[in-house]
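In what follows, structures are represented as structure tokens.
Here chain A shows up in two complexes: once beside chain B, once beside chain C.
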Partner chain A sequence: MSGPSKYTPKSAFARWLERRLPILSFVHDAFVAYPTPKNLNYLWTFGAILSFMLIAQIVTGVVLAMHYTPETGLAFDSVEHIMRDVNWGGILRYAHANGASMFFLAVYIHIFRGMYYGSYKEPREVLWILGVIIFVVMMATGFLGYTLPWGQMSFWAATVITNLFSAIPVVGNSITTWLLGGYSVDNPTLNRFFALHYLLPFILFAIVGLHVWALHVTGQNNPSGVEVKDIEKDTVPFTPYATFKDALGIGVFLLLYVWMTFFVPNYLGHPDNYIEANPLVTPPHIVPEWYFLPFYAILRAIPNKLLGVIALFAAVLIPAALPWLDTSKIRSARYRPLFRKFFWVFVAVSLGLGYLGAKPAEGVYLLFARVFAAYYFFHFLVLLPILGKREKPEPVPESIAASLAVPGASESEEGRVHA
Partner chain B sequence: MREFPKMRARFMKFSALLAGLVLSVGLSAPLCASESEGPKHEETPRRFDWSFAGAFGRYDQAQVRRGFKVYKEVCASCHSIKQLAFRNLGEPGGPQFSEQEVASIAASYKIKDGPNDAGDMFERPGRPSDRFPPPFPSEQAARAALGGAYPPDMSVLAKARGYSRGFPYFLLDAVPGLAYQEQGVDYITSLLTGYSDPPEGFNLPTGQYYNRYMSGRRIGMPPPLSDGAVAYDDKTPQTVEQYAKDISAFLMWAAEPHLDQRKSVGMGVLAFMAVFCGLLLFTKRRVWSDVHH
Partner chain C sequence: MSDKPTAETNRRDFLFVATGAAAATAAAGMVWPLIQQMNPDASTLALASTEVDLSGVPEGQIITVKWRGKPVFVRHRTAKEVQEAEKVSLSDLPDPEPDSKRVKKPEWLIVIGVCTHLGCIPLGHEGEFDGWFCPCHGSTYDVSGRIRSGPAPANLEVPPYAFIGDNKIKIG
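Right, the complex of A and B next:
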């Protein structure tokens, strides 16, 4: 939002405060008067869902930290202490562990929505890149948090992931030793991972602030991909319209979250993580949390360790280049017949990589992981640049209001379009 | 653009190829699983009925009590259960023994305590606040006594075991109505009933036993149960299969003592959220009723 505020303080106190700190007008402009395109579908409630999940993770996490002990000899037992002896501790821990999964589920839907509707295109490049940074920090936070219960998977996932840095030529081993605070995952590692796991969500919170700020400067994209032309005809004020729609979106999402937390809390976990970490016993299959699986599949698809690590990080970061890789001037896949199909192929390939990441890297699994990993990069690096130039788009509506019109309906009646 | 139909044809070919690839992954996955499945690989655990399965499932108090008896008389001689406290036995949603029963169970154990004022460690009868003492003072002592084997702690064993259900069944395991969370107890029950003589030509080292559910079909634990080994007070059959189910139910409770409470609170939360979502839906519709979209 730019331009002078439309907020007028009503009480004497509000006028007094407004002259000293214009926080009321800030909140009013950002969350009350802020114009939102009226054609947003429920995929646009995932921003609010993600904000809710971040707060939920911080609240449950802070309480869990009050009862957790980051010491290798005590960590596993302190988690069981939470499960058994802390009032509502089991529910808190399950809410936090499943909350991480719900957070990632929501962020993946949010990212794919952005890809489908071209939300990364001019002028939303910075907004999009901030989003990719948020995703990376989320991954770091999730990985660090998974180490804390100090189960077998915690320990061995930490070992495998920190070991990736040793692939860096010359300084790799020094970096790994520096990260671990020793030559293997041990008490110094657990201590710093706990400290960082507590720190990163607040950094995340700050970047989310920038993300929302950038969003309020450019305004939201919408399913038609057409910019707002007429505030009156194309948008509705954030409150009450978007607030209630977001609340409903959060509510329905919470039904899933509640189901996972209370009824199938260990579904997304691994049984081995209920075995205390043992540096002398390697589990037969080391599997990361489900939300890392597609990237894990890409890492293992490449026979060279250094190249595998590069591919892993490239796969995570390449979406940041989308605003420049996608050469099409049309934002929304609605009007891009070919892109629309390739988008779903890309979704299928991503899910396929996720499946393969959970399988042993051998035989057919490895072969398909290689094919899919190659396609993943092909989609970004070859397909999108060519598609934007070659594809013949379908006609794009003139405005958001026009995109809502059905043929034959008149555009009269106070500029409202009946659909 | 004249390129368009050509690209479309190319796309169709490509997507058909891709669909073929995806399909063949799905089809070949079970194939290559069975390829490598020689006689050495373990069998998939059997499925049993559990009172605590499903959204409305709760522990069967009588079964958990029987399971505790099996634990005390059979498993406890080798397996520790260090996270469990005697007081847990009296809590609701478990065996729920009376206060006196819990106190007398606790008192039947010797707990190492100290040092006292003279600086000496001493043994005293257990109190409800104590946790179950381990059968061996250290892992080394256990291994020395048991021919090198180290029996795992049983506190969370029922959650620390499981088996892969494979695609697409694992997707169904989270679905309301079909949810399947009992892989661990099914595995343990199967294992306890999975002993037999090894097939001809199976290489079984001394001190190992043949068990068709154990990874590699070799296990260090001798068959722990036999018909009639534990006397039940009621008319429950005193068979290996019944013992196996009862001890598994007890282990599930030990691993997840607040399961009953979690599920009943969850039902309340779910009901509240469903009603709340309904109200939100109507409010949202009302709010949006003047916007046509």
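Right, the complex of A and C next:
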């Protein structure tokens, strides 16, 4: 995909700049001339959607920070001040809070897309692992941000999550005290959480840079899972093809984002977070934000504190091992009849865990949570390694161009069909 | 001195390793304050003790006082509750500890009101053992604050405290 740039500066200034800092040719090669497989579907617009969401979160977050006060006595009121007094403050805050949800919605679709089409397979392992790191940093950022409004759910989410570390043998309590800056969630905790919540998005931005870099080295995967063989036949230039497809994808995604922000801004929130934090009263049902629910269900499914915490972290990190757990040489689920079915079972189990995470951990809910949690790990650790060796794949097309051909049609007829 | 690498270690190698070690030590020394600043500061540590007057707590009641930002339960146990707590067999306990080790005066139970699972605050006079019940993940504690069922791994912690009068304690 790389090679000498085909960019030719057109103006005198561009020529002058190009000799000193070749940024124009860099942008041209990465976002204009860059060849993209011509069979990409709309699931491939989620990379652009996620980039958009990261920028949206940074922009709304920076302006909210101009009005927010990270002090336990003032934080809750400063958020209400944003909602009531600050010009456009209510919309900016709802855009930020719902933006986090939309960001996670997009990242989950992006991850499942990668799983379906085998985007983690050789040579995209580093690209995939960087993605898992991005996901983990996103989770940390989301959690830290949720603490800032200093409502009841903020406080108790912070308490429960920091106490996860107390499960570590011997040093657990010291680590928790160190994280909190005290013996309970309090002002030092809120202060540092705000500082870190402001920092992490920029770290995220840097890792996204690496993720995109790795993507441009290996090239994009595509629905057929076949590598690009002939740039002329298999690809189209990023601009205008991918640029406009991404723009449409972002536009449609924005409809949902904007609708949530304007019409149901509190749908995904929890009413208890409009009660100021009270260290002496735990709300009867502590529920994390929806995007943590599957992992929360796994934590609660295990009746041992340390093992529950290990299972929680393992569930988040195990996708990083996918390139080695999935033993199939075939990338795309299109040509893997069994994997295709089990993929949807896995999606159903993940959604099921999300549903169970919101329910009380008792009776039949707990039973199902245990079965689903076991299946989650079974999928990665047992099913995928065996399936890759046992499954008989369907024939894989020779090339991306061939994957688009109508069966039985000759080369020339294919040209007509796609004209 | 020649630039040719020699097979044996020489004085230059020694200097190289010593310089590296000194730099690593200096870097570690610099990182220490950056890590240590996150631990509880002097103002947090200064709030480390609280005095509680027990005379206003009738038998059977639990009051909650704040110590180090955490709730502490002070429970005035009835004679029946004391008896119940004392007669439990240690083999029935996930975290075996006799009641006598958890109290200074049998009628007064003083424990930190933080569930040892993930830090929620258990509700008093609830749950199967009439001690505490944690609403978050369903742990139950008995009248001695000992874990009886649920995911919590340990008994409610007994804070350091002392009787500084017949009806007064100092926690911390």
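We take it that the second predicted complex is superposed on the first by the 411 of 419 C-alpha atoms of A that agree within 3 Å, B and C clash if a C-alpha of one lies under 4 Å from a C-alpha of the other, contacts with A are read in each partner's own complex, and residues count from 1 in each chain.
Note that a residue touches a chain if its C-beta (ideal position, glycine included) is under 8 Å from a C-beta of that chain, and two chains touch if they have at least 3 such contacts.
Everything numeric here is computed off the predicted structure, so don't read it as measured data.
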item: When chain B and chain C are modelled together on chain A, clash or fit; value: fit
item: Which superposed partner A:Lys392 touches (first chain B, second chain C, both, neither); value: first
item: Which of chain B and chain C A:Pro188 touches, first, second, both or neither; value: second
item: Which of chain B and chain C A:Ala348 touches, first, second, both or neither; value: first
item: Chain B or chain C, by number of chain A residues touched; value: B
item: Touching partner for A:Ala247 - first (chain B), second (chain C), both, neither; value: first
item: Contacts of A:Thr177 with chain B and chain C, given as first, second, both or neither; value: second
item: Included angle at chain A between vectors to chain C and chain B, based on C-alpha centres and rounded to the nearest 10 degrees; value: 70
item: Touching partner for A:Ala301 - first (chain B), second (chain C), both, neither; value: neither
item: First, second, both or neither for A:Asn163, with chain B first and chain C second; value: second
item: Minimum Cα separation, chain C to chain B, after superposition on A (Å); value: 14
item: Footprint overlap on chain A, where chain B in one structure and chain C in the other make contact; value: 284
item: Residue ranges of chain A in contact with chain C within the complex; value: 156, 159-160, 162-164, 166-167, 177-179, 181-186, 188, 192, 279-286, 300, 302-306, 308, 361-362
item: Chain C residues touching chain A - in the complex, by the definition given at the top; value: 35, 38-41, 44, 64, 66, 68-71, 114, 116-121, 135-138, 150-153
item: Complex contacts: residues of chain A adjacent to chain B; value: 38-39, 77, 80, 83-84, 90-91, 94, 236, 240-241, 244-245, 247-248, 251-252, 254-255, 258-267, 271-272, 274-275, 284, 338, 341-342, 345, 348-349, 352, 355-356, 359, 363-365, 368, 371, 375, 390-392, 404, 416-419
item: Interface residues, chain B side, partner chain A - complex; value: 1, 3-4, 7-8, 11, 15, 18, 21-22, 25, 28-29, 32, 55, 83, 85, 88, 152, 155-157, 159-162, 167, 173-174, 176, 179, 181, 183-184, 215, 255-258, 262-263, 265-267, 269-270, 273-274, 276-277, 280-281, 283-284, 287-288, 291-293
